[in-house]
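Following: one structure in structure tokens, then a few remarks.
Labels run A, B, C and D following the written order; every chain starts at residue 1.
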Amino acid sequence: MKTKVNVGIIGAGRIGRIHAENLIQRIRGTQVVAIADVMINSAQEVAQQLLIKQVTKDFNDIIHNEDIDAVIICSPTDTHTTIIKETAAAGKHIFCEKPIDLSIIKIKEALKVVEKAGIRLMVGFNRRFDPNFFKIRTMIKENKVGDLHLIRITSRDPEPPPPEYIKVSGGIFMDMAIHDFDMARYLVGNDVREVYAKGMVRIDPAIGDAGDYDTAITTLTFENQVICSIDNSRKAVYGYDQRVEAFGSGGMVSTDNTTIDNHYYLNENGRHAALPLHFFMDRYTQSYINEMQAFIDSIMNEKPLPVAGQDGLESVRIAQAAKISCQENRPVHMNEIGK
Amino acid sequence: MKTKVNVGIIGAGRIGRIHAENLIQRIRGTQVVAIADVMINSAQEVAQQLLIKQVTKDFNDIIHNEDIDAVIICSPTDTHTTIIKETAAAGKHIFCEKPIDLSIIKIKEALKVVEKAGIRLMVGFNRRFDPNFFKIRTMIKENKVGDLHLIRITSRDPEPPPPEYIKVSGGIFMDMAIHDFDMARYLVGNDVREVYAKGMVRIDPAIGDAGDYDTAITTLTFENQVICSIDNSRKAVYGYDQRVEAFGSGGMVSTDNTTIDNHYYLNENGRHAALPLHFFMDRYTQSYINEMQAFIDSIMNEKPLPVAGQDGLESVRIAQAAKISCQENRPVHMNEIGK
Amino acid sequence: MKTKVNVGIIGAGRIGRIHAENLIQRIRGTQVVAIADVMINSAQEVAQQLLIKQVTKDFNDIIHNEDIDAVIICSPTDTHTTIIKETAAAGKHIFCEKPIDLSIIKIKEALKVVEKAGIRLMVGFNRRFDPNFFKIRTMIKENKVGDLHLIRITSRDPEPPPPEYIKVSGGIFMDMAIHDFDMARYLVGNDVREVYAKGMVRIDPAIGDAGDYDTAITTLTFENQVICSIDNSRKAVYGYDQRVEAFGSGGMVSTDNTTIDNHYYLNENGRHAALPLHFFMDRYTQSYINEMQAFIDSIMNEKPLPVAGQDGLESVRIAQAAKISCQENRPVHMNEIGK
Amino acid sequence: MKTKVNVGIIGAGRIGRIHAENLIQRIRGTQVVAIADVMINSAQEVAQQLLIKQVTKDFNDIIHNEDIDAVIICSPTDTHTTIIKETAAAGKHIFCEKPIDLSIIKIKEALKVVEKAGIRLMVGFNRRFDPNFFKIRTMIKENKVGDLHLIRITSRDPEPPPPEYIKVSGGIFMDMAIHDFDMARYLVGNDVREVYAKGMVRIDPAIGDAGDYDTAITTLTFENQVICSIDNSRKAVYGYDQRVEAFGSGGMVSTDNTTIDNHYYLNENGRHAALPLHFFMDRYTQSYINEMQAFIDSIMNEKPLPVAGQDGLESVRIAQAAKISCQENRPVHMNEIGK
């Protein structure tokens, strides 16, 4: 067992800052040694605020820093596999934000390198570490739901991203629903056999012009006969809506959204209460802490990671199947999608 | 065991109609034979709608009708004890609306006549038969709450009655909180030792001019050391607010209000839901049916009534103690109030 | 405007009794003149309890009774269209339980006869009259949800029917989900363009042996681009689960289940509360009253019925599309299903 | 405006650590320069973990450290006034944990010294900074409740403190209900005129032997005619129960407990959900951060503190009135208690 895990962070954008702050202020057994960003100003700003010693433009400085045990990859998606392969070759453990890549071939290549190098790769599906969803998974494992029959997931964002982002995002399934596909796999503990997705453009024609959908319902059929329905919207005026329900022979477990506060108010017009926490930064605060602690603990104790590279691959495959299903209006078998 | 209980109803006002309709349409094992009201038109109207054969101005016609086994007294409060005594003398069972009377001496006289006559008298504390409160009482009895330590009751009306009614009502404690005093006794299953009440005039100065309060908090101390807090208001703009909580060594059981429907709506301004059912006619629909069924069943099976004449007396005594406590600003021991 | 609608009831089984009781005890402006059942004992029993004058084995006695204005058809499904056609020919208005028939051709024939006869036919989709779902529809109409994007329906029974019933039921889509298909159409206020359904046998292999499914997720795509997901299960151990959610550009409105009571209990093991009302007789009590009142009122005031024969046809068409979709594992366009 | 507030902490026990951690990790505009504790080991441990430079046994080292602008007093209650007076004399601002002292005379002396010194003293009534209670206060201020008529506070601990602590605690009113007395004053925005309290020993006779109560209901009457009921228990088996309700002419606002998670589970036995957060460390995490940020911000911006020394005095006076009321079984006017 190690006594401390030294980490380097690649990428000083929004998610890079969240991880940096958590690692420094809230995670036991770790130290942030260096941070890299091609936008050196961003890296410097974070380093100054959080007292990180090494700052660099070049991620290679981090990969080849002998003091560093593990690398947190928060750079743009299209740089992920390159960095993963070089980091793995340098013998360091990896935490990589989702999606690993939009290309299944590239992901598979990267995973091969990881495997050969014998290092550990964890993918940032933070929602698995949300206390509410974790509770549902725990209750399923404890057989409180009995044989699992149905999963329902509602996942709606408060605002669509800007159209220019939509174009490079890989689309609603790859960019947004990918979290829900992973959640479904996590809850069911099994692999998907078939995907049927129905997408619509209801919020903004510009999203359609960019070749994407903004509203969708996806049906997943699992190898173990569980069926799952996911509904997604890019815009819920009431904020971030993230709910999950698992139903089986023994009962049902659901989770409500977490609200801004717990007040309720009654006047002559009805009963009023607070909205859900507005977006992922508020809602998933604790899940980001928990996932990073799990990553550090796994490395320290040389135990398997709770989210593997394979999980990163599978979610991308499902997203691709969903996109094809939508475009061709037919159920898509997972065999059709490169494994 | 009887096979059918024939009843006569005295009083064709609002509550008389509720009982008449329930007895005819929803209660098993009974038949309404006659209805009386000094306002003969009211009695005729009800009789016509509900196909009641005998209609009369004179309640004696009901008391002395040989076909009648039981009498439902829904006439004004100041006529109750006279009718009770005569009905008891005629050997018929009695259901009497609350309060039995505003005078403790008159109530005691009436109860003596009832006792001598060997007939049964039930007082209309319908809330004991509300499914929610009944559930709380049941859970207390089943020891789910353990040793009972605290009771909290919230009881608020949507609108104050007209000032002219306030004057003859006996005041907020005798007219309104009396239900809550009975509820506390019902839940605790014990007698009150001491009362402290604090009353205010906050809603309408006319209520103060009539010598009454419109807002109050009452603390009841029971013989078995349970303490209970009751808050009353004559006007809640959001409707009828009727909640109860029991707390003890084993846990807590509470009941929410019943709402108009179960929808909830989220938009950019928050989460909205329906108001509580607006007043006692909506909220306690089922409790009126259940209490009348309990009355009829007890008579048919010759079993004790679930609410005795003594319960009617005790609630009036507590109301009187509360009024004195308020006026003299001191705790009042129940020994001070005629037994 | 008529002053009274005289009705005859055909079928004295479970649902026939519910309607009889409601018509006699709770519906204004009507009188039950006769009841028919081939099981004459059943009809006699109901007639005796509810004081219905005419009792007969032969439904023709009802159809040709000159005193009768409207006929309530509660007989087995396979007799519906025959009775509808003869009743229509006799010039009487009709309330018919769902489904009208399992055969689209037969339904269309019956609707033609109804149209020619110029009488009114209402189909018993009682859930439209549930106060909770009615509230959701009202809020959609009032534009509270804005442009409607998504509908989610959860509909689970406490117990599967016996296998012998399954065989003649038409299957889970025709027998059970048909209510949800109508609910979706009611909420969206539009017609379905395409259906995709995924069915599984997870509860009882005997259901599979009977050629049916017991667990299903159906995706409906409406002409106006609303997409809807419905999940069904024949067995929820916690009772009857009936929830609906509508989401759009202006917000979301959902409805919770109605529970047995409103208590909640906290002890060292958590917070506990009551189950949903156990089955349709408890849950939809009010909806049966409301739908029958709507039927009687429409006839009295010579106004259009709230659920038309065409609604009965459409729900059967969707059920058939769902069945084909499941069997052939492909989305089914409604053009494929006889109109 | 200052750009940074340097603080020293006196007392390295449980609450001292909470404040140290928050100041260092979560509060903007401040630096912890030193920590003192007569138990030097405790101070050293905290200093080491949190990288605080100066550690001392003697609080005078902190008071006279020229780099320090403000002092956080977390030492035992009986040392508070001495330290307050010396800190004030040294011209430093003060944050002091509640209660300031058990003696009203000593508190008044200390407040005089503070006033003369012209420095700021804030008392640690952290619950005012809980987002839920803050929301209620905000809504009252925004006139959402209209004229305030009633306040209800439920405040129950998961476990009584050890009997030896009970003896020196000042009793349930001074030690526990004091938070609720301050909450009532905070919500009402007015002073108490009269107190009536009823105390019982129901949980542990040892608490009675120590001259204290473990269960109580207190009625507060405010100068502005608001009446308030507070119920306290030293032991709720389901954890920490902290609820508040404000009722007035415009409506009602309440707050529920915050729960461990938001799941709910239905099986054949009912609906189950998570318990409230177990104790003050979990429940009031955010309130401790918010109150310390408010303290630092007030000093930096030279603005009035949100909780004044006078608030600390008033809550102790109410606690004393409650104790006398209980012992003498009579309402106690606040004029009776030294001002």
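Assume a contact is a pair of C-beta atoms (placed from the backbone, for glycine too) under 8 Å apart; a residue touches a chain by one contact, two chains touch by 3 or more.
Everything numeric in this text was worked out from a predicted model, so none of it was measured.
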**OP:** With contacts defined as at the top, give the pair, A-D or C-D, that has more of them.
**Re:** A-D
Subject >> Copies subunit C and subunit B - interface residue numbers shared by over half, same or different >> reply: same
**OP:** Report the inter-chain centroid distance for subunit C and subunit D in whole angstrom, where each centroid is the mean of the CA atoms.
**Re:** 58
**OP:** With chain centres taken as the means of their Cα atoms, state the distance from subunit A to subunit D in Å.
**Re:** 40
**OP:** Scan subunit A for residues touching two or more other chains and write them down.
**Re:** 236-238, 250-252, 266-268, 274
Subject >> Touch list for subunit A against partner subunit C, complex >> reply: 146-147, 149-150, 152, 154, 156, 196, 198, 200, 202-203, 215-217, 219, 221, 225, 227-229, 231, 233, 235-238, 241, 247, 249-252, 329-331
Subject >> Complex interface listing, subunit D residues touching subunit A >> reply: 25-26, 131-132, 135-136, 139, 144, 250-258, 260-268, 274
Subject >> Touching residues on subunit B, where the partner in the complex is subunit A >> reply: 237-238, 259, 266-268, 270-276
